[in-house]
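Shared between the two complexes below is chain A, which pairs with chain B and chain C, respectively.
Then we have the complex of A and B:
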């Protein structure tokens, strides 16, 4: 089971400009992490996605994007699983 | 704020979440105001490895299928805009298919 998840994480990490990737369950427990994504952020990432879901509870979970000048953090929830991708911006 | 293209609603909040100005779908929407201020305080403590401690987020976007929320902070005020995502691009794909 973990092999499948590791394969997905590897695939995401091989995408250009991706610096880190994290997958967590609904309790905020880290299922997989790679690159700059820290295991300790799992709870926070799930909390952010849950908070964003509260805005429109009747719609499917939104994608949250947190941006700094040169980095991006994309958070998306799918069922009970939340994924986060940390990206570098600007390098085309 | 009313002049922003495809704008569906907007909020201008103080840092503690009090509504200063509002309009459209978000008129006097204190529920969304509270959620967004909580979201900002959560995002302040994200990943210490991926982000330097002095690196602060300058923009947060929350994207749904047909609309999105853009959140920025300027001059100690929180600006939130709800914008429509034009369906024309989706229609083009449908035509091609």
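Then we have the complex of A and C:
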């Protein structure tokens, strides 16, 4: 049942600099996770996306980028599904 | 200690949208710490509701999947998440569209307090 989703996750993981990938549903439950993305972080990722949507409620959901010194986490919601990609920052 | 924990649980209640209450009880549903908003359904706060988890988790642990950790019950207007931390039980009650994953992530924040609380409900020697 999850074959198609796994294919997409594998494709994302094969992208350069991607360390982890997570897909969650509207209730913060993890649908798929791979690499450094932790299953338990699904709820928090969806919560962050929900809060970000409240900044401009009339616009479509924003892409949230969380950055540290050498990693970043990109979160985007599409309909009821929220995806997160964990990346190593590329060498400049 | 319990007052500090109650304040902390009240703070958690504000952090999660749609979360109505957090209860820490023994397996019979007797409350140890309660943090409740006015939206929490009163019937679900009673020991005869919360104590059903004790039997449910025992039976669920016999399914061949190992020890049951959490039971999530979805109702039309509410969701109830109960965690097996025997001798303690943590019960979260939220709205039906509350972020279930966010509630589950609260476990790691509450866990450090449970060791001391567990001594309160431990059987007398």
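The rule we apply is simple: the second predicted complex is superposed on the first by the 89 of 92 C-alpha atoms of A that agree within 3 Å, B and C clash if a C-alpha of one lies under 4 Å from a C-alpha of the other, contacts with A are read in each partner's own complex, and residues count from 1 in each chain.
One rule holds in what follows: a residue touches a chain if its C-beta (ideal position, glycine included) is under 8 Å from a C-beta of that chain, and two chains touch if they have at least 3 such contacts.
Owing to the predicted nature of the structure, the values given are computational and were not obtained by experimental measurement.
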Practice prompt. Would you check which partner chain A:66 touches, where first means chain B only, second means chain C only, and both and neither mean what they say?
Written response: first
Discussion item. Quick one: is A:46 in contact with chain B, with chain C, with both, or with neither? Answer first, second, both or neither.
Written reply: second
Discussion item. A:37 in the overlay: touching chain B, chain C, both, or neither? Say first, second, both or neither.
Written reply: first
Practice prompt. Go through the superposed model and pick first if A:28 touches only chain B, second if only chain C, both, or neither.
Written response: second
Practice prompt. Quick one: name whichever of chain B and chain C touches more residues of chain A.
Written response: B
Worksheet entry | Residues on chain A lying within both footprints (that of chain B and that of chain C) | 40-41, 44, 47
Fill in: Complex contacts: residues of chain C adjacent to chain A
16-17, 97-105, 108
Worksheet item: What part of chain B is in contact with chain A in the complex they form?
Response: 32, 35-36, 38-39, 42-43, 45-51, 55-65, 68-69
Worksheet entry | Complex contact set, residues of chain A against chain C | 24, 26-30, 40-44, 46-47, 50
Worksheet item: Which part of chain A faces chain B closely enough to touch in the complex?
Response: 19-20, 36-38, 40-41, 44-45, 47-48, 51-52, 54-56, 59-60, 62-69, 71, 73, 86
